[in-house]
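So, here come the structures, one by one.
The same subunit A turns up in both complexes below, where it pairs with subunit B and then with subunit C.
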Partner chain A sequence: MKTLKIILVALIFAGAVHAKEIKLLNVSYDPTRELYQEYNTAFAKYWKAKTGDDVVVDQSHGGSGKQALSVINGLEADVVTLALASDVNAIVDKTHELPADWQKKLPDNSAPYTSTIVFLVRKGNPKGIHDWNDLLKPGVSIVTPNPKTSGGARWAYLAAYAYALETSGHDDAKARDFVKQIYKKVPVLDSGARGSTVTFAQRGVGDVLLAWENEAHLAIKEFGADKFDIVTPSLSILAEPTVAVVDKVAKKHGTTEAARAYLNYLYSDEGQEIAAKNFYRPRNQTIAEKYAANFSRLKLVTIDAEFGGWTKAQKTHFGDGGVFDQIYQP
Partner chain B sequence: MSSIKFINLENNFVKRGLGTKKARVLPGFKLTLGCTLLYLSLIVLIPLAAVFFKAGSLSWAELYHDVASPVALASYRLSFGAAFLAALVNAVFGLIVAWVLVRYQFFGKRFIDALVDLPFALPTAVAGITLATLYAPNGWIGQLFTPLGIKISYTRIGVFIALTFIGLPFIVRTVQPVLADLDSEIEEAAASLGANRWQTFWRVIFPVLTPALLTGFALAFARALGEYGSVVFISSNIPMKTQITPLLIMTKLEEFDYPGATAIAAVMLVVSFALLLSINLLQWWSNRHNTASLS
Partner chain C sequence: MVRKIKNRNMKLNRWLFLTLLGVPFAHPALAADGDADITTLKQQIDDLDQKVRVLERQRELDQDAATNALKTQPRFKLDSSGFTLSSADTNFVISLHGLIQFDSRSFFDVPTAGVRPGNFLLRKARPILTGTVFHDFDFNFTPEFGGGSPSIYDAYINYHYNPALQLEVGKFKSLVGLEALQSDTWLFFNERSLVNNLVPNRDLGLQLHGNLFDGVASYAAAVLGGTPDQVSPSNTDPDNNVAFAGRLFFQPFKKSDTEALQGFGIGVGGSYQNDEKSAANLSSGYKTDGQQTFFSYTTGVVADGRHWRISPQGYYYYGPFGLLGEYAISDQKVSSAAVNDDLKNTSWEISAGWVLTGESDSYNGITPKNPFDLRKGQWGAWQVVGRYAELDEDEDALADGLVAAGSASKARAWSAGLNWYLNRNIRANVSYSHTEFSDIGGAGGSSHASVTDRAENTLFTRIQLAF
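Our next item is the complex of A and B:
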């Protein structure tokens, strides 16, 4: 009787091991839809070849801040791939579901691909916008989402601020005034990057969209090269969208190994190539060279060097009563 | 005369019911009241209490800072103002729609009747995107206004239009049954006693409709206050200008500022409750006034 039981249990386990299907939930931000659609298929193939297991990755997309909030409120993400480190930090602070030093777990600050903020203008650039200071020309109307809710918008805000710092000899007051002038010319503040792209591209609002580089390329692909031009400013910010395994959730789901491999594979040649094809700047130099035509050269400042890291920048600029709030104070 | 009789009966019943304790005709009072309280607690009271509980974690100074900041005050003005105006416009035009649907026979009446419910059924985001597209400077309707220098999408007018859209069915559906119950004989009687058309409407029909109209107004107003999905698409969401209070609450939540968000939510709750209560009182008063003058 006992042996029968053991055999039965062993059989069940053997069966389970044989046809293991792993489910991962990747909670990501707005413009990565196309990237992860392609990457998930590639990873599933790689994982099947390596371990024999099937892996199905479910995706969730939305404004980066909103996505972090969902995870904090209990959405069981195995991995998060968000627009900026401060949104992952928020998850750490509120839930402790991943360690405080999460950003050191993967190479390059846990950012396997980078991006930056560029301008999308109407075809032929009728308002003659070439750099950040052109945005303040009379009659130019600017579309960008609300930095309080959109990760991309925060990068755009900081890029403008960095430009003003660099051109004014690091005069903080002048930089504040510069971003203030910019946001006075924003007629619509959407809550996410995709919303702003739609407002600019489909509703015909504004002369320039401050866009993620990949989102700008995507808009051209989607709506036609005869409608818009991409303008690269002289200086912008190195945006590092970060990825992390939510340790406690993955442990609970028994997906730790797959979740880690899922993020690690983003650094592989294939992962980097997919990122580059979707207009994210790859970390791998060889692949970056191969796709150099897609990425114009410009001066890129980092958040750590220019703003003293996310925690500080978040508090000074986007916190309650911060610089961004002051723009709209009467 | 059926509806007036009904009101009278109800009134008498209430009067009689007040003095006597065992005069209940229907059994099961305790059971149903118990069910009501339990249900209301689970669905309404506990979540609302949680709002106040969370907001209570702030000190008075912090609370004041959050709920009385210029940005918050501007958002209350827009939210309450636009919701009130939208409900008011709906009260007028909703009444006309209900009147037409009840009193006249015409081709396509059933179709129009069904159309009225659409704002109920349509996901609000769809409504918002549709309205924003139509009224955008390059949209079908918006481009007619652009030469006149009038912008609709991304302004307060856009917010008002979205709130009007979602509020319409409330007025029509509350007024319609009352109007259907109203015998046209009263109007004939009024006319035979020498009232002109305006007097007939204003002195005879309108007083009977007032309670239903007020209920519809209160529902449309309350619905518009809480509306989020459609407004965020048609509004430009600029603080101090076109940011509605529900969006301000969302923004605070996305900044992980739970107490701040709930503090503003609590202000909205208290003010809405006070407004709805006063509308109910007004309705009760008009009901009494109305039956007293008729009986």
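Our next item is the complex of A and C:
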């Protein structure tokens, strides 16, 4: 018994000696603050149990495009969890700090959860907004961030565009005009989704917020169900926020193993459950069914099917001189 | 704009209130018209309310954008330290500094066949470019346009991993002399002491250096091209041999609570080189405070092998008081056609200063409490300084016929002066220096008899701009 105690004490001591603190920087987009706050705690517990090491994850949030630019300009992210693949691609193109085939490193094209764009309206929906075409009603003022800097805004823009294509028999000119009319009704363009939520929910600007599904739920949770309603349009877009290890930075920091595990754990049951609880649509079907009440059923188009993938969509719509630049006059 | 809209809202509200009061007494037809008006007015109020909210939010966003823009904009700074331009993250910095010294030297008791230098000289004229690239790489480029022909004094790149671990490559001050390492800007006198004759000036090579324990200790170890005493080499290493130099310096009480001990520093610098047989590796001569050569080796004497130097050194600063002292040995093998000698030359100095106006003195200068401003009756800082120094050339040099005609193997000098720091950038000083010579002799070479046949008495003045 005494020997066993000595061994146990020695093991505990050895564990204490060898335990190290690992720091990760997760550069993410605007609405994921709450998701990763909860997830980081869960992962730290998991990693401690698995390896004995303490892991501390620092978070950085902002418009997805702006965040990607920060990484390009030297922000040393171990992992990026951005709103769309094209922002990660921009990091690949400009820094080569992760491989071109980064999306193949994790399941589901490195998108462990999905989301979509819905409408957040004022309680009782006084302007009668039920679908995209209602946004063009006289007197309706729309709040959405700037697609140049916000990933969510790009998804919202493409969702509107997809709706217009669908309802116009895929007439691109009509779709372009439809989106142009929408942006004419946007009085303030914030740089990120969280800023737009502040504009709409806290500053009382506008009649409808084109919001990430999770951001809409969060606004209701934070400001009260008596303030806002969520309206699900007939059609929206399947938004696939993507995650990736920034290999060269992680290697430099000596955090590669922890960084990979951090992203892999997003696909675990616990990771998927945390995503669902934060109103992100989980990939795991069992968990998706468990939280089905959180998510409205609607037709979701994909970026690949409707716009030929992110590379093409980015260049056509959001690149310098692209469609957005042509239709939007501040 | 916002106030106008609010005033308009108030007027509308008053009108609305009066209208509502009148509604029950109005004719039904008029009431219907009134309802329509009220609806219109409500709509107008809502529209105005939205406009105000949009304007307020836009203002918020504009302020945020301006704040964020400031974070990414380069910063420009102009103050007594010079001009500095840096990137917002300070990873890239470029600074322009400068040093101008305009001197006069008046020699007394000049011999009839006077050969003393002229009165006025532009002693130093240096634009100094320093900076940092990619956060960790510092640089310094200092050309010299004063004195004789233009030259590059310092040109180096310094990689600083942290204060304790830095690697410097290029042309920089050598490591041996304490006064030699002090900035020209903050010397007690116009010229460094006799000790400066026995230590190298600049050298080419690389050094590993750093400060430990918040500057309590510092170290430097260098591999250099090797240079004769007092010489700053041109931009190429004169021979194939290398020199090693090192320095350890301690300020043991820097972190102490006892203020009187904090300014105490003590250390040692040294070098070792193995010179090829060449006159180029031999000092071209030793100079007085007045920068006249009082000793040199005669024609045909060359450096020939081992040459080492060591210099114990220290300083003490406490309040307005400053004291600096150092001792140097330069031991060098030389030869001529007739003899081989190992010459051990020594020198020492002690100098002190007292700031009459009470400011604290330091190795890195004085900052006047009340910069010169006649309108405010402020006169800057005043300091009295004194120094005594000796230099002894190995007596074998004279005995073995290695010295040029009229060379003095021993020199003793005392100096006294008054320094006026108008502000951190401008300084004016006046000093008097007396140097006596002994053990005079030698043959051949350039004769120094006109310098050593009597004591040198010199009055110095200087106006200095440093930023």
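The rule is simple: the second predicted complex is superposed on the first by the 311 of 330 C-alpha atoms of A that agree within 3 Å, B and C clash if a C-alpha of one lies under 4 Å from a C-alpha of the other, contacts with A are read in each partner's own complex, and residues count from 1 in each chain.
Methods note: a contact is a pair of C-beta atoms (placed from the backbone, for glycine too) under 8 Å apart; a residue touches a chain by one contact, two chains touch by 3 or more.
What you see is a predicted model, and the numbers here were worked out from it, not measured in a lab.
Peer 1: When the two structures are superposed on subunit A, do subunit B and subunit C clash or fit side by side?
Peer 2: Once subunit A is superposed (C-alpha atoms), there is a clash between subunit B and subunit C.
Peer 1: For A:T242, using the defined touch cut-off, is the partner it touches subunit B, subunit C, both, or neither? Pick first, second, both or neither.
Peer 2: In the superposed model, A:T242 contacts neither subunit B nor subunit C.
Peer 1: Tell me which of subunit B and subunit C touches more residues of subunit A.
Peer 2: B
Peer 1: Just subunit B (first), just subunit C (second), both, or neither: which does A:A90 touch?
Peer 2: A:A90 contacts subunit B only, not subunit C.
Peer 1: With the two structures laid over each other on chain A, which partner does A:V205 touch: subunit B (first), subunit C (second), both, or neither?
Peer 2: A:V205 contacts both subunit B and subunit C.
Peer 1: Which partner chains sit in contact with A:Q329 here, subunit B, subunit C, both or neither? Use first/second/both/neither.
Peer 2: After superposition on chain A, A:Q329 lies in contact with subunit B alone.
Peer 1: Classify the contacts of A:D320 with the two partner chains as first (subunit B alone), second (subunit C alone), both, or neither.
Peer 2: First partner only.
Peer 1: Have a look at where A:S141 lands relative to subunit B and subunit C in the superposition and call it first, second, both or neither.
Peer 2: Second partner only.
Peer 1: In the overlay, answer first, second, both or neither for which of subunit B and subunit C A:L69 touches.
Peer 2: first
Peer 1: Classify the contacts of A:P187 with the two partner chains as first (subunit B alone), second (subunit C alone), both, or neither.
Peer 2: The answer is both, since A:P187 touches subunit B and subunit C.
Peer 1: Where does A:S110 make contact in the superposed view: on subunit B (first), on subunit C (second), on both, or on neither?
Peer 2: neither
Peer 1: Run through 20-28, 92-100 or 236-244 for subunit C and report the one that clashes with subunit B in the overlay.
Peer 2: The answer is stretch 92-100.
Peer 1: For subunit A, which residues lie in the overlap of the subunit B contacts and the subunit C contacts?
Peer 2: 187-188, 190-191, 203-205
Peer 1: Give every residue of subunit A touching subunit B within the complex, in rising order.
Peer 2: 63, 65-66, 69, 72, 90, 94, 146, 148-149, 186-191, 202-205, 318-320, 325, 328-330
Peer 1: Give every residue of subunit C touching subunit A within the complex, in rising order.
Peer 2: Contact set of subunit C toward subunit A: 50, 53-54, 56-58, 60-61, 89, 91.
Peer 1: Name, in rising order, each residue of subunit A that touches subunit C in their complex.
Peer 2: Answer in residue numbers: 74, 141, 187-188, 190-191, 195, 199, 203-206.
Peer 1: With touch defined as at the start, can you tell me which subunit B residues reach subunit A in the complex?
Peer 2: 70-71, 132-133, 136-139, 153-154, 232, 236-240, 250-251, 253-257, 260
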